[in-house]
């Protein structure tokens, strides 16, 4: 043994403390939940910062838009309208975007998305709170229905592969995925609503029937479903095919897996094999896609909600864009990005509960 | 003995998956002599394939030196380096994965020929390709050349990949489990063809396998290296090693292998391990990595430091072994099964 | 019976009650109209700020206007104003009608008028460009002080909708004492963010805040409010939404009158259903603007040739059906204004540029242009007449007009490429002079002719102080023009013509403007937009379409519908 | 075997294989038809950009109606039949210009048609027709016939029923898909409106696929920092809801060119595919034959182009098609919202106009919106069917059985 | 055809012929396969890949792929004097038959367990499917069996499949296989892809279990050594036919078929001598268009014209050792020559 001088011991002792600190920090960072959460937060920050500046760069400004509206409605000259509008806006088109960004961002940290530009005094958070539930309702119901339906039909296709049923459902699925969702929406309106007059497109506009009182009561819930019906049908029709085909291929690969064979050889009942052995395993990869599609469907809601005049977040976003209400636009983006990123995060973190294989390492 | 054609010196290699570091190879030292038959034997995960890839220059070692014809590969630059890469060829285990399904046999043989300007023009390439196919007993050549891999049988494919490896006139061929996926009845033919290449082309062949019997057959006049969990535990002349295995692991292996002879295999004595679980590479035990399973484990010795390869003092053979008790000349008693 | 059973029964009853509650019939007559509004929390009851519950033309129903101009006669009819007129000093004096109370119980007095105008001042409304002050003469009378009388100031005063001092008085009083500065700005911000808790109405109807939903809101009869005693309806239901929302409601006969511009296709569907389409002039429409910096568009002959080469009737019809009425006199005003302000000789002398390709060819040939082998015109400098025509693509009628203009001009031998531009951005491109040809609006929905010229001479021509756009290039038309009547500055003349109260003086100036415009064509008006309001007379009884009031502007102020309501002429159809 | 001939034999065997998949073959045939209609036919069919007010079968409310005296019912069917006759024209806004092409051969008498339901104009015209003062009457509104049908004045009704026949209510040349609000032939617009749209979509698809291919390959082949950076960027872009981002970008860049829109869509469309390609290259890179090529000293370029790429080509091709459908989806989505250039008359723009000009909600005018909707929908379906067939054709499990 | 079955025969395969219908044609996967399996006996089917041995094993529990067609033959099981043809069982009977009468341990048991269910659940599922619902009893039985296969029973029973190593999974599957006391256990390549030391453990466990539970084993392997160690009876399968069948010692020391002999001489031993090995020339035949006569004739060193015309019958001097070859004599002679060569 070489005897060490006190100096050396002190130095190594210190170093090991630093090391330990570093190690403990790294250990926290290595914690999967912590790491992916941090990554998600950074992603959200980066994306909303990016979109902030992007949005400010858009040509046109909210004042001009409102001026135009007032001129048309009231027949007053441009200059009068401009003076009037500019006076009632606390919006300065020439303000530095950087300054605005820091103001805005510090507000966001306080969970405040600012006030609407075109409606001074109205908090964007309140507006989003008004529109978002309807979109979540329609998109959520639509995705849920199509997911469940897609899983069932997809499994049927896999079980009866190469049968006429499979061929018909495949063709059907290709049709459904092939046609863009807003085209579905238009087809529903034009063909079913107008040509065949199966339902009153006009009466189904908006989010609920005005004669009802919002709250937990039957007529309101009924009317909410009625009004959301066409958007939901569109969401279902446009996403169902994807689930079916994914579920089919997923099921087919699971059917080739040994454990299904073994389960059959073990004499298990078909119902047990289909649910616990085939269905559960085949549906696993679809859950990740479900979260991805939430983002996609929310994003495409802009067109769908415009077509059906369904007053959800997409409608609000479109209105904000056309009126160049930057803070509102930005607010919607923040919500959308957070939804998408955190949906993925939640999927990532909860996947372990669905699939024990990733539970231990916390990673696929 | 003349200068070894290749030499591995203190090779370490680890892989990173996610945030964990897996030490796949640790301190591998190996000489490969010109024209010798050398077999690397071990179970899956012992690092034999990684060793093969490092030899063939397909993987850089994490540390350590590789010498090719006496020159450190790390110092080779430009043409020399390419020359080295071409001179050491690897033949993969899976004849289905090692041939590009989108290319014809002629394509895959002619690409390196033309790329390295070993022949001139399509005609030359075709002629040379035919020669190579004949060399690996693939006839009729003209039938084979324009076929796609999926039109060939497993044995034929493996011959094609050998022919492809020969395009660059290698001096060393590393055959990684090259017959294990081929039907039993034609394995020997393939192996014999490989052995003949040494005679015909002067190629040194390193044969990697998990099958000791096959290794014995192949390297009867050569050497066998036994690997366990990333380390070389025993290296020596085949005949000596088979007759008198030194390392406990080698002994356990030899005792565990069933043999194609009912009486012999049923009367064979099996050495019982202390534990049947193989440690994970990420959680290697301290000291000799075989010690948790080793029937001859000596507490305080085997679990303290890692034994190095060496010829036991008492031994009269040339077999090098990495085991403290053996090196110290202890006579190991076989346990009864 | 245990607790749970009781609870279950209670819940069932509650649900049943809730389920049937909305089915209770609403008694009394309801007038169904429509205007897009913003639902709270975005929407609110501050009618000075954006997104306030103004309800457009139906503002008249809860915040009565002082007077309504009857366009056909050019006379003002007093509403909240009992009497009004110029005094000897050239100031304007308005006396309110007596006995009207706001829905919060306060009486409608001169204080309300003072509050309204003080806040207009704070807000920077145009009327204050003419006013130097306001004075309360007595409880019901206010004097509007100004340097010189002008018919513009009169109009701006009289179309004002009264706001209650009980709500805005505090802010107004503070505003009255301020001059522009930081405090002013702060007060302005306070005004825009001011949110009255309840709407206070002084008109025949008042908004029921509890009834506001995404779909519609109810206005209840407001006893004591202006004209409330002559109403034939107990309630007004204002449906929310833009055209695509209200169209089906009209078809379902749930909605009886809309001011929304509807596509001609809908019009056809409506009229086949027996719904009337009411057309009244808007005094404006799309025009073809050219960039005077682009040769040879700055040549008057070329602009005239373009005017001849376009079949404006066709253009109007494809764009807006029967509501796209070709402009006849081509003098920068609507034809209605032209007929009202110009003498017959002047009208006769105006070139109507009726569709005449030969004339156009002649004009172009006269300046040395010729057609090349491809049938495309080549100017005297050897360049083909290739231009880009931009238009705001979101406006369905303008985009159709642009398409059709392009097709027609190309047919004539121009080489025009049309390009749609987002509507938010299109004016900017014109301000910046970053265009060759553009479809923008001409005219203004205002009975004062001078104001029709603001678009061409001011807004799009970088004149005056268009806020934020000062120094813009615009179309690059020289406002100092020389025409058959002499040399004038058209911008100055148009300003001048709105001053004073002498109709003859004004008419002479307007004639200068009209004739010079007609000769020089700073822009080429295509057609005038007429409303195509759907009016279902199966449910509504109101004067026949021959009533002169229908000549009133179909947009904001002076609207005939609110006029009929305020005067008690609208009733449920028997 | 030469490269070219192997391409041809590849195409041939591909056609043979795709024809085995019925749906895929259908899609393929559909695409061929689409190619013919949108790329070949425009040379033969003229783009109808001239407003023809007497040919509006669409919704503008002026479908032309020819009323003739019962005695002449079999004599007049088209405008040409009216040469030299006295014809009453009942319009509100218009004058004789509406029938300008025939103006030389007609003597026209004008009646005004007021917006009021009981306008004197139509009544006077009907009387004139019944009295044979004029030979025929042109009415530029379908609602007029309904007005006559709904006529409560028994005298007028009788007058009409006894004396007048509505002859051939759709005058003028026939239009396969009817005409739009300006009387222009929708079929010609469909023929002309596809090429640019498809080219733009293909451009967008190609660009995003190319970017995905290059970046994915680079990330996978070189790994390390480059991989990390590219992956991070990809994840960031994926976090932005794509369609709203496009909406903002479309407003920001404010294109004046449809193809440019394709470029933008392409520039944004690569991240998801890049991930997939990266994963593909990563897995292919680990394949033994790639290692063998490395060992044989073949260059990285050779390895990428000859060893890896051919094995991904089906994957890339299928994803290219999906990228194309997606690019088309986004392009038309933007147009429908009015956020993309509408200067070029594509199906998307037709749809936009169909929507903004109110034909969506009018059963008679639906052709204007429905035609492009169906053109787009069927095209997309063809693409998807074709791509799915490709997936099956290229499925290695199936191929090994061939 | 002998329908009478001795009491000690648990399984009889009788003239079993199976065809796979594929796009390229019909594949004659097995032709006239017949054998008896006695109680407590271990039988090995030896052959190369594609020889049809897996088809035979799958047909024993009627788990053939959909495109397979049994053209001829029967698979008879005898339990307590009842003889049943598996190929004629109803769907329900079949389900009950599987695992209770005949369990099958598939090749590559790495994926034999549903990854999302605990081992416990999978034991319980199996038990419940056969009407055994007492979870505690299942647990006791399972723990006992897991102990028998030398696993830590408590830990493994509550584990997810991915928490077990390959060898552990294989042993767990063996335990699951005998959960319901089957009389026949089919093992498809039971040790392939396992490490030598793990293989050894599996072999030992199997021998132990068979001794204790007295079931019969059919195992399928290309590994002659495994057959030598474990089997009582060995059948060599070539091109869908059994070409030789007999007691293990007879097969290894006295092979009567050139193919069996060829296999034996192509496998190196761990002797302390160098082996004299030879490959069988050629490659296994294509079963869509199999060779005429004896299917081995194209590869056989002793081939005569007769071989390509007539297929030799499965016959032999001893009733328990049969081989299908016309030229057993020639083979015997060659073997003697070889023995001499080795001796030198």
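Here the chain labels run A, B, C, D and E in written order, and each chain numbers its own residues starting at 1.
In the analysis below, a contact is a pair of C-beta atoms (placed from the backbone, for glycine too) under 8 Å apart; a residue touches a chain by one contact, two chains touch by 3 or more.
Remember, predicted model here, so these are calculated numbers, not experimental data.
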Original post:
If you check the contacts of chain C and chain D, which chains show up for both?
Top reply: A
Original post:
Among all chains, which one's averaged Cα position is nearest the averaged Cα position of every protein chain shown?
Top reply: A
Original post:
Where is the C-beta contact count highest, in terms of which two chains?
Top reply: A-C
Original post:
Of the other chains, whose C-alpha centre is the longest way from the centre of chain E?
Top reply: C
Subject >> Centre-of-Cα separation between chain D and chain B, whole angstrom >> reply: 63
Original post:
CA centre of chain B versus CA centre of chain E: separation in Å?
Top reply: 32
Subject >> Gap in Å, rounded to a whole number, between the CA centres of chain E and chain C >> reply: 92
Subject >> CA centroid of chain A to CA centroid of chain E, Å >> reply: 54
Original post:
By residue number and range, which residues of chain C touch two or more other chains?
Top reply: 244, 247-248, 394, 422, 424-425
Original post:
Residue numbers in chain D touching 2 or more other chains?
Top reply: 251, 254, 339, 361-362
Subject >> Residues of chain A engaged with two or more neighbouring chains >> reply: 59-60, 201-202
Subject >> Residues of chain B touching chain D in the complex >> reply: 53, 56-58, 82, 85-86, 88-90, 92-94, 97-104, 108, 111-112, 115-116, 146, 150, 161, 164-165, 167-168
Subject >> Complex contacts: residues of chain A adjacent to chain D >> reply: 43-44, 46-47, 50-51, 54-55, 57-60, 167, 170-171, 174-175, 177-180, 182-183, 186-187, 189-191, 194-195, 197, 201-202, 245, 295-296, 298-300, 302-303, 306-307, 317-318, 321, 329, 332-333, 336-337, 340-341, 344
Original post:
What residues of chain C sit close enough to touch chain A in their complex?
Top reply: 15, 18-19, 21-22, 38-39, 41-44, 48-51, 56, 122-126, 188-189, 191-195, 213-216, 241, 244-245, 247-249, 251-252, 282-284, 394, 422-425, 427-428, 444-446, 451, 454-455, 458-459, 464-468, 553, 555-557
**OP:** Spell out the residues on chain D that touch chain B in their complex, using ranges where they run on.
**Re:** 1, 287-289, 291-299, 302, 306-307, 310-311, 313, 396, 399-400
Original post:
Which bits of chain A are touching chain C when the two form their complex?
Top reply: 59-61, 63-66, 68, 71-80, 82-90, 93, 116, 118-123, 126-127, 130, 200-203, 205-213, 215, 217-219, 309, 311, 322, 324
